[in-house]
Amino acid sequence: MAIVLGDNQYGKAETHVVRVVRDTARHEIRDLVVSSALRGSFDDAHLTGNQSAVLPTDTQKNTVFAFAKQVGISSPEQLAVALARHFADDVDTVSSARVTVEEHLWERAVVDGAPHDHTFVQSSQEVRTVAVTVEGGRTHVLSGLTGLVLLKSTGSEFSGFLVDEYTTLAPTTDRVMATSVSARWRWSSGFSGTDDLADHDHAYGEVRDVLVSRFGALHSLALQQTLWEMGRSVLETREDIAEIRLSAPNRHHFPVDLTPFGLDNAGEVFWAADRPYGLIEVEVRRDEADADRDASGPAWRAVPGFL
Amino acid sequence: MAIVLGDNQYGKAETHVVRVVRDTARHEIRDLVVSSALRGSFDDAHLTGNQSAVLPTDTQKNTVFAFAKQVGISSPEQLAVALARHFADDVDTVSSARVTVEEHLWERAVVDGAPHDHTFVQSSQEVRTVAVTVEGGRTHVLSGLTGLVLLKSTGSEFSGFLVDEYTTLAPTTDRVMATSVSARWRWSSGFSGTDDLADHDHAYGEVRDVLVSRFGALHSLALQQTLWEMGRSVLETREDIAEIRLSAPNRHHFPVDLTPFGLDNAGEVFWAADRPYGLIEVEVRRDEADADRDASGPAWRAVPGFL
Amino acid sequence: MAIVLGDNQYGKAETHVVRVVRDTARHEIRDLVVSSALRGSFDDAHLTGNQSAVLPTDTQKNTVFAFAKQVGISSPEQLAVALARHFADDVDTVSSARVTVEEHLWERAVVDGAPHDHTFVQSSQEVRTVAVTVEGGRTHVLSGLTGLVLLKSTGSEFSGFLVDEYTTLAPTTDRVMATSVSARWRWSSGFSGTDDLADHDHAYGEVRDVLVSRFGALHSLALQQTLWEMGRSVLETREDIAEIRLSAPNRHHFPVDLTPFGLDNAGEVFWAADRPYGLIEVEVRRDEADADRDASGPAWRAVPGFL
Amino acid sequence: MAIVLGDNQYGKAETHVVRVVRDTARHEIRDLVVSSALRGSFDDAHLTGNQSAVLPTDTQKNTVFAFAKQVGISSPEQLAVALARHFADDVDTVSSARVTVEEHLWERAVVDGAPHDHTFVQSSQEVRTVAVTVEGGRTHVLSGLTGLVLLKSTGSEFSGFLVDEYTTLAPTTDRVMATSVSARWRWSSGFSGTDDLADHDHAYGEVRDVLVSRFGALHSLALQQTLWEMGRSVLETREDIAEIRLSAPNRHHFPVDLTPFGLDNAGEVFWAADRPYGLIEVEVRRDEADADRDASGPAWRAVPGFL
């Protein structure tokens, strides 16, 4: 039985580009880490070492920097779409291009009481993400975030669960629930199919607010339920989002037994553990025929793991 | 249009278990980080918060520790298969179970010139990996490794590549090629379908040796070609491996221009860059009808990204 | 010549305690990582293995949790002082105790437009730090921060520097200046010697604001100058601070040469490099006789490196 | 009271240089991460922004690369000494120079059964370290290592310790002891004062072997005792080492209580915890008058923390 080349892709990972808009004294800044992955006619590159079809990854890096100047960065979605379409449409040997972006967010620094024209502070550990796939003439856009760290000091329980011979956990009706949410949402085709990406910044803020609000407002019976409700609220708020996937570690906070020291501990002192942690992953979508929604569809193949 | 729950899974990530076999004075040690992810009848857990079908992740952790004692760890594959089958077969609400393992390797320490009975040194940064999925009565086993860091100080070129308007890279016929290989290989059903997992330790060493040897022996025209040849050699060596996937960052080593200091630099002094880096991903497989080989097949869904 | 035991210390590192104050429906939260290091009569523990003078590190961990309940956490300084005094004063065999704290900051989450009673978001990557040493009846308090990431998109130059045979850098009168500031400041004895630590939260915010404002307002001729001015402003603002030390990597942002692509780049597109980076470290202090200000003084020995 | 500039230093951190020796077909490789820190006449650079005394950090980076070619790398000690002497002796404004090095170790890869001429594998996570300070015409050399991960599955106890009101730990006469050793040793002046650094590679191997052997051979009553004995053995083995400092986290391995599952656990199944961890730090030295041995002496000021 012959041994054959299967799936393959290559690209440049983690080009860190910072774009300053300095048309006025009040500068704007975008700080992106961009990765590209190309598929196409690359059999010879593997089988014989012939590189004539291979656009170097160094060129892909150059293209990121050139596009940051030429087309600008009105949103990370807009740059990612422009880059992915360029690779897929303008490079003959490329049949499919994926561009993923992590945006590191800067705020205008407060200097002597006022927001400053050209000084910025990167206070947030949250990262905004984009994954764009251009394949067969279609553009698939996932927006998202990672590192949204949330904690509820009450309003969370976990009880009534399945018990087997290895179960020692006691049920609780009041616990700390903490997590670091990662999410990706897929825009329905009407939105992502056009070039009207101007509103992505606004949409990002809206989705983030909904995620935080639903996490906070819901009395949680389990992290599964919380994620479902967070996802559902996003889809209810934005008609143009077809699907959202959420991945959330359960960052366990164990109440410390203080009775050996003559102290009670009514939900006041916790040990925050690192590992192991629960990991909950949920997809919430509209109930429709939709080829892109499958985990093996072109949109989701751009990103690792559950999302 | 209704909003519905889509794919979902949950489990306990990164349970770090160390198992000592101390039946004789010459101890053995296994050091594993185990993660489990379950799928099944968990709609209510999300939609209503009813947890009666949910086996707590804390229980999954307990099960890892109990199995480490009860069934032992003759290989990481064997423990992962035992755990995944237990969750899928013995827990009524679970339809599919995935168990992934990272094994951290210890060597017997040399004490006063001789290998010691109960002292170990963890000199290697390489990690051995396993991903097992039990679904629909079948067991899918991926073995692998990550962190295999290799470098060739010559015997590598990159030239004749596609040039476009953004290309500035000069071709080279002699460069440093360095990478950190991650690989996963899928056992053909005859091997993984039985419980005969005893030879996995031997097979692991054999695959690793082939990967290193082929990397070293091949005069490389590109990292793509090197990965293809590495994968092909593995399949030629082991009849029972159906497929291998390789992911390898191109850790660029740029020759430093020393001419401003009156020095030449004929491939002697390099700056080792961190980011950006090329990323090459290749699948090599046998040319046969094989449902598992697809990226969306049950075997590969257990692991993030290309592999 | 005899071989002898020199300096030694031991303790428990990185006890991660989360304290919830839930006296009212509006909860408060403190999230601290606490480390302790003890010195004292521990020669026998090393020389003969006799542990009778050694308070286990497990006990030190327990003490952190117990104190979080018993004495509470009005500020990280207050908890660190209480713990260090306990170890130094109450444990006979301990002559000197150091307690260092990293506080991870949580903000009240905005839920449906209003700050929520018991939901928090950890948006900031900045970490507030404390290092307390109790030795010889005196208490030395360092407050500080790490991870204050700042960037100026203009208003920074670097020129007129020393040129030797290895210098290739071109001078610039307009560059991006970015850094991640770490700082520690030492309270003059009047402040730290008492238990009046209630105002530390306020003081922390004040120092941080001065650091950011001075970084932003100054037209920088070099990062050295910027750090000096930042430190000087802090000492001018707070009479009770005796000294401040600042450590700041110069996170280089290199303008990308876009001329091969027919594009100019007037300070608009930058490559943000990871390594190597400049590292600037500066001490600013009041000009007085002061035993604590020396790097080998008890205050500073509690912390690694320059600060 | 005037505000004045105190201690300050600046330099280039983490220049990653890889040096290939290719005089014959059998290549040699050195992989170093080099940092420099300079002290001197830099008051104006801070106070007025005048940079005329400041050798740019970019130049320091260039110097590392140029020296890697010009003087070569017979050992990391030799390159660090050459660089530090150059900065201190050849740059007028520099009074003191410190150069620290991390060497990442490569082994010759085994290709088809034989060590290969130009293929290397970086299997070890251990890092060899050097810290050199040149000040006042003297050269101070610290050699060391970090990431030496060791474990004993028996032969370690911890009992008879001090018990206070916060102590809950049970004594044990048989536990797992695991750690990741960092060490720095200072050469007596006769050795470091000359340029005879050729034997450092051999000495490094010898010290490492002694550390591992003593860890393994000793029946341990506490990690303190183990570190003391490890350090003492090094000084007994090498007359030219004046002092050694060891820092070792106690990587706790807790036996898992399996009795709820009807299983015993006689030192067989352990949970390996990440945090908190014990941290033990010990200095072992020769009993002589020796200005360098103080923590504030020029040798030790080059390195962060206890070592």
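We just call them A, B, C and D in the order they show up, numbering each chain from 1.
Here is the rule we go by: a residue touches a chain if its C-beta (ideal position, glycine included) is under 8 Å from a C-beta of that chain, and two chains touch if they have at least 3 such contacts.
Owing to the predicted nature of the structure, the values given are computational and were not obtained by experimental measurement.
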Chains touching both chain A and chain C: B, D
Identity of the chain that, by mean CA position, is farthest from chain B: C
Whole-Å separation of chain centres (CA-atom averages), chain A against chain B: 23
Inter-centroid spacing, chain D versus chain B (mean Cα positions, whole Å): 31
Geometric centre distance via CA averages, chain D-chain A, whole Å: 38
Contacts with two or more other chains, residues of chain A listed in rising order: 15-16, 62, 66, 166, 168, 260-261, 274-275
In the complex, chain C residues that touch chain D: 1-16, 35, 37, 42, 45-59, 61-63, 66, 90-91, 93, 158-164, 166-169, 220-222, 224-225, 227-228, 232, 235-236, 243, 245, 249-250, 275-288, 293-296, 301, 304-306
Sites on chain C touched by chain A in the complex: 15-22, 27, 29, 31, 62, 65-66, 68-70, 106, 109-112, 116, 118-126, 148-155, 176, 209, 212-213, 215-217, 253, 256, 258, 260-261, 263, 265-274
In the complex, chain D residues that touch chain A: 165-166, 168, 260-261, 274-275
